[in-house]
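In what follows, chain A forms one complex with chain B and a second complex with chain C.
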Partner chain A sequence: MEASVVEARASRAAALGLGLLLLAAALIAVILLSMATGARAIPVDMVWSALTAFDPNSTEHRIVWDLRLPRTLVGVLVGLALGLSGAVLQGATRNPLADPSILGINSGAALFVVLGVSVFGITQLGFYVWLAFIGAGVAMLVVYSVASLGREGATPIKLALAGAAMTAIMLAVINAILLTSPRTLDEVRFWQVGSLAGRSMDIALQVSPFIAIGAALALMSARLLDGLSMGDDVARALGQRIGLSRALAGLAAVILAGAAVAAAGPIAFVGLTIPHVARAITGPGYRWILPYSMLMAPILLLGADIIGRVIAPPGEVQVGIVTAFIGAPFFIALVRRRKLAAL
Partner chain B sequence: MTIVQATTIAAVRRSRQSHATRVTFGLLAALLAAAIAAMLLGDFAVPPETVLQSLFSPLTGIANKGVDFIVLQVRLPRLVLALLSGAAFGLSGIIFQTLLRNPLASPDIIGIAHGASAAAVFCIIVLGWGGLSVSLGAFAGAVLTAIAIYLLAWRNGVTAYRVVLIGIGAAAMLSAVISYLFTRARLNEVQQAMAWLVGSLNAAQPADSIVLAITMVVILPALFVLVRGLDGLELGDDTAHALGTHVEHTRLGLMLVAVALAAFATAAVGPVGFVAFVSGPIARRLMGGAGRGFPQAALVGALVMLVSDLVAQHALPSTQLPTGVVTGAFGATFLLWLLVVSGRSGRVN
Partner chain C sequence: MVLRTLAIAAAFSGAVVAAAQAESWTYTDGSGQTVTLDAVPQRIIASQDAAAGLIPLGIRPVGIYADSPVAEAKALEGLDLAGIEIIGQAWGEVDIEKAAALEPDLIIAEWWNRNAVWSGGENVVATLSQIAPITGVSAGDSIVGMIEDYEVLAQSLGADLAAPAIAQNKTAFETAVADFKAAVASKPGLTALAVYAGDDALYVADPAGAAELLDMQSWGLDIVKPQGVDATGNNYFETVSWENADRYQADLILVDNRAESTMATALAQPTWTLMKAAEAGQVAEWPAFWLRNYKAYAGALTDLTAAINAADPDLTP
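What follows is the complex of A and B.
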């Protein structure tokens, strides 16, 4: 009996580990495809030679280095950050609807970008990164403080309600500005969609340290999230420090989501749904949900970006739009087919 | 059960009922004050007694054309529409939040409002429509989205969890439609669509109020009957079955009511931000566990709508803001404040 349980557990771990390897292979394939696809198709062997033996006189090599590599890198970083932050936020609030856009992180970033454009006339993407990052941090700080006031501290319900309420307030300010300033609306409507187009290496370098720190924090909080998923009372009885766990997870999520929205604008769908897909495959348990989310999200994001590049020539469709368009039917089909593990 | 226990329970029940009554009357008093302010305030100053005279002029026959126009054709329709649409949004929100057992699951978060918005934006940008036809498009969008979500969530019955997940999938897709149309359209069309999306009472017509009032008169008795089935539903599907509640019928009926309320209100005033979301949690926090809070949520919705509209009209001296800009800020601030002060009642949503 004992032995068979141990065996079953080991074989499940082996299967899930193999799944992770497959996902990693798929991610590498998507990365290569992303370097090869675009207005000008470049064969994969030439992508390889551009990366290994750069020839500055070759147009193809320059396209790979100047455009496709930064764009792909930003896509991977943003995808990874969105997947992880969504999973962490759903775990910390125990709400399947929690994600950076409902908990105020995206709207905080958007508010600061809109203020930057309308009040200070900033139009460079490089500055948006910092505005968005600061906005996300400020919003999450306010949400967390409001939720932790009062006698029972930051309960999941209060976090979710405070986040949604802050979102409402910030959206009101954003709408008021966009309605009264057509110039800002014109500038921001393209940022607001979420896109990887035109992202330079600088942006990837700016956000990568944040995403590295956030990802490390998030992966370390897996055990804490498993504790929280049993309910606050049980977790507390097992000796876990609830407030600290939730604060740590929240910190990881805001660093990740802040960096993602800074680099690519608010992309709502990935962080919300990828954790559910991961949970459907792995079952409950954040030790697996987190790495699965971390690998699946960039596959979805880059895949969507590739489709967006070729679907409407000569133009492009922004990645935020394509992700929702292909992701949502897939997600709905999954929800229908599987008996999903509830949070 | 001993006599002591029985009297204690009776006392608790009484104190809860009196608390519920206090909350209800408090909300009604606030609504009355806001309504009086709405009738009196405006660019054109009308003294209170003249307003009264004007209100009763259809009965008394004492006409004063200029004043009657302002009171009966401008201020009164706007006031009535604010009250009706606010109550409709509030009720719709709390029905969804209760049914789906998630305080975030209001129609403006799980896709119904997105359906109305996407349809309206499509009408404005692609078809070049305006006015009433946009409202009809929005109504159709909300209803079709709700039907699609329900059918997609159906698998030997629906579960709350599946409806919520399918709802967010639908919401994401419809938001993407709106974003796509926004990036492809000319700036002036985007501005027109933005104005509709924010929602406003600036174009309040008596016809809107009449349609909404008829809806409420038809729907409220049905809601009254259906709500009794909720006690069973809240214990979970299995227990409800065991107790003999027709789980599917009750749930479907309540969803139809909630969708109809949201769709008619959205068609009349646009997807005014977050009234549906904030009313339920505010009502529940005010009640502190003394009842389900449906009527109170309707009152809170009406109050949020009316006060927000007053602020939107009179906050800036030069321009009128659209109502929807203020509802999000006002309602959500109210909710945040309640979250901070009502730390005691941790069990309510």
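What follows is the complex of A and C.
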């Protein structure tokens, strides 16, 4: 009997491992599709030769390298960061609706960008990255400090409430600025929806170290999240330092979500939906939920971006709008089909 | 009978005297409406473009509403704004309390026929027209024509167009036009393309929608007309993805200079140099939509003349 349990576990792990491989293959396919899709018709073999034998005199090669590659890379990085941060936040706060926007991360980033534009007149995308990043960090610090007040420390419910309250306050300030300053509204409205358009290689390079660190921290915290998911008392009884676990996971989530919002603006639904899909496939273990989220989110984000690029020529629909359109019904279907896993 | 005639004559002449004393003022604006006031208006609130047309002719408004922070408004560049209240610094935005406190007799804006709206937009017009009647010239097919319209308007408001400074600006402008024509004539085959550069796309201007481009066309400059502009809608540009930046080629690219950052945005695009003129550095500033007086126009033309003289006209067939 003991042997059959071990065997079942092993075959389950093999199946999940195979699933990861399939997801990786799907991600590569979406990346190639993203490289081949755009306003200009470039044949697939030309895209391939641009990647393998770059010719600086070829217009098509330059477009693939200078426009599509950075955009695709930013899409993969942002998707990965959103998927992981959503999964980690849901685990650390044990709140199935946790995502970067609930804990005030997105609104903190938006507030700093809006302040930067309205007070300092910043208009270059390259500066938004840093403003958004600092804003996300400051907001998360404030939310965490407010939630930590009182005897029990930062419990999941207090974190969610503090996040919601801070979000409301920051949105009020953002709206006050935008309503009184049409110029600022004009500057930030494209950023505010979330988009991958016009992202240069510089932006990918600026955020990639943060996403690498955040992803490493997040993947390392899988065991801690499994402990937390059994409840604080059980986790404590198993010898886990829950405050430290939660802080570590929170740090990973903030770094990832901050980098994502910095690079692409606040993109809704990816960080919320993907971990639930992952959990539906893998079951409750974070050892599998995290890598599944990490691979599925960029597939969704890049796929949505590709749809947005071709759906309304000669213009484009921003990826934030497409993910909301895909994400919301998908999430409703998910909730209706099976009860959300109690975290 | 005689008495009666005298009485009528007396009554008639009395009416004439009364009218002369009140000196009523009438102006038919760009939208075809006529505004009549009991006296020549003294206190005027002007849109930034109307102010740019009137101030150099000696008509000083009491208030200006601008489309952007005044320091960045190209139309107001170099004008003496001392003592003029700024009542708006963003498009569609005006401070109604400041406007009312100025107690204006008249609002002068510009009528944009292509989208049937006064400058500043519906909100601003709805707000300001409660305080005073609104009028102004039409944003027409020629900046020269608009300046002449401003001369007529300014004269009716009491301006002396024969003042030496005003005449001098006009002469300098005529010289600049002659130089521009000579430069264009010396470069047969030279083509130009007017664009706005955004982070999201390249916007290619339809010369038929920009008065200064129409002026330059009439002076001989060959400006490329984009194919995809919807002339019936509110559309002055064709949107071109940066992937297709080479769709229209020309020997000289003119970049919209209403915002200083537009040129930097253009230069930062990896595919900007897919345009041969950009690759060759044959890029100049396009004084887009904001020229309203001879002095500014002469300055812009001088820069463009220099760019044309330096350009190789054979980059494109």
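Things to note:
Convention: the second predicted complex is superposed on the first by the 335 of 343 C-alpha atoms of A that agree within 3 Å, B and C clash if a C-alpha of one lies under 4 Å from a C-alpha of the other, contacts with A are read in each partner's own complex, and residues count from 1 in each chain.
Definition applied: contacts are C-beta pairs under 8 Å (C-beta built on N, C-alpha and C of every residue); 3 or more make two chains touch, one makes a residue touch a chain.
In this text the structure is predicted, and so the values were computed from the model without any measurement.
Applying the stated clash criterion after superposition on chain A shows that chain B and chain C can sit side by side. In the superposed model, A:Val47 makes contact with neither chain B nor chain C. Contact with neither chain B nor chain C is seen for A:Leu23 once the two complexes are overlaid on the shared chain. One geometric descriptor of the composite model is the angle centred on chain A: between the Cα centres of chain B and chain C it reads 80 degrees, in steps of 10. Of the two partner chains, chain C is the only one that A:Ile63 touches; chain B does not reach it.
By the document's definition of touching, of the two partners only chain B reaches A:Gly320; chain C does not.
When the two structures are aligned on the shared chain, A:Val193 is found in touch with chain B, with no touch to chain C. When the shared chain is aligned, chain C comes close enough to touch A:Thr123, but chain B does not. Once chain A of one complex is fitted onto chain A of the other, the partner contacts of A:Val254 are absent, as it touches neither chain B nor chain C. Once chain A of one complex is fitted onto chain A of the other, the partner contacts of A:Ile169 are limited to chain B, with no touch recorded for chain C.
Note on chain A: of its two partners chain C and chain B, the one contacting more of its residues is B.
For the three-chain overlay built from the shared chain A, the minimum Cα spacing from chain B to chain C equals 7 Å. Chain A residues 182, 190 lie at the interface with chain B in one structure and with chain C in the other.
The part of chain C that touches chain A in the complex is made up of residues 68-69, 89-93, 199-201, 228, 239-244, 246, 261, 264, 268, 270-271, 274. Against chain A, in their complex, chain B makes its touches with residues 102-105, 109-110, 152-153, 155, 161-162, 164-166, 168-170, 172-173, 175-176, 179-180, 182-183, 187, 190-191, 194-195, 198, 273-274, 277-278, 281, 319, 321-322, 324-329, 331-333, 335-336, 339-344, 346, 349. The touching residues of chain A, when paired with chain B in their complex, are 95-98, 102, 146-147, 149-152, 155, 157-158, 160-162, 164-169, 171-173, 175-176, 178-180, 182, 185-186, 189-190, 192-193, 268-269, 272-273, 276, 317-318, 320-325, 327-329, 331-332, 335-336, 340, 342. Across the interface of their complex, chain C is touched by residues 38-40, 59, 62-63, 66-67, 123-125, 181-183, 190, 197-198, 200, 314-316 of chain A.
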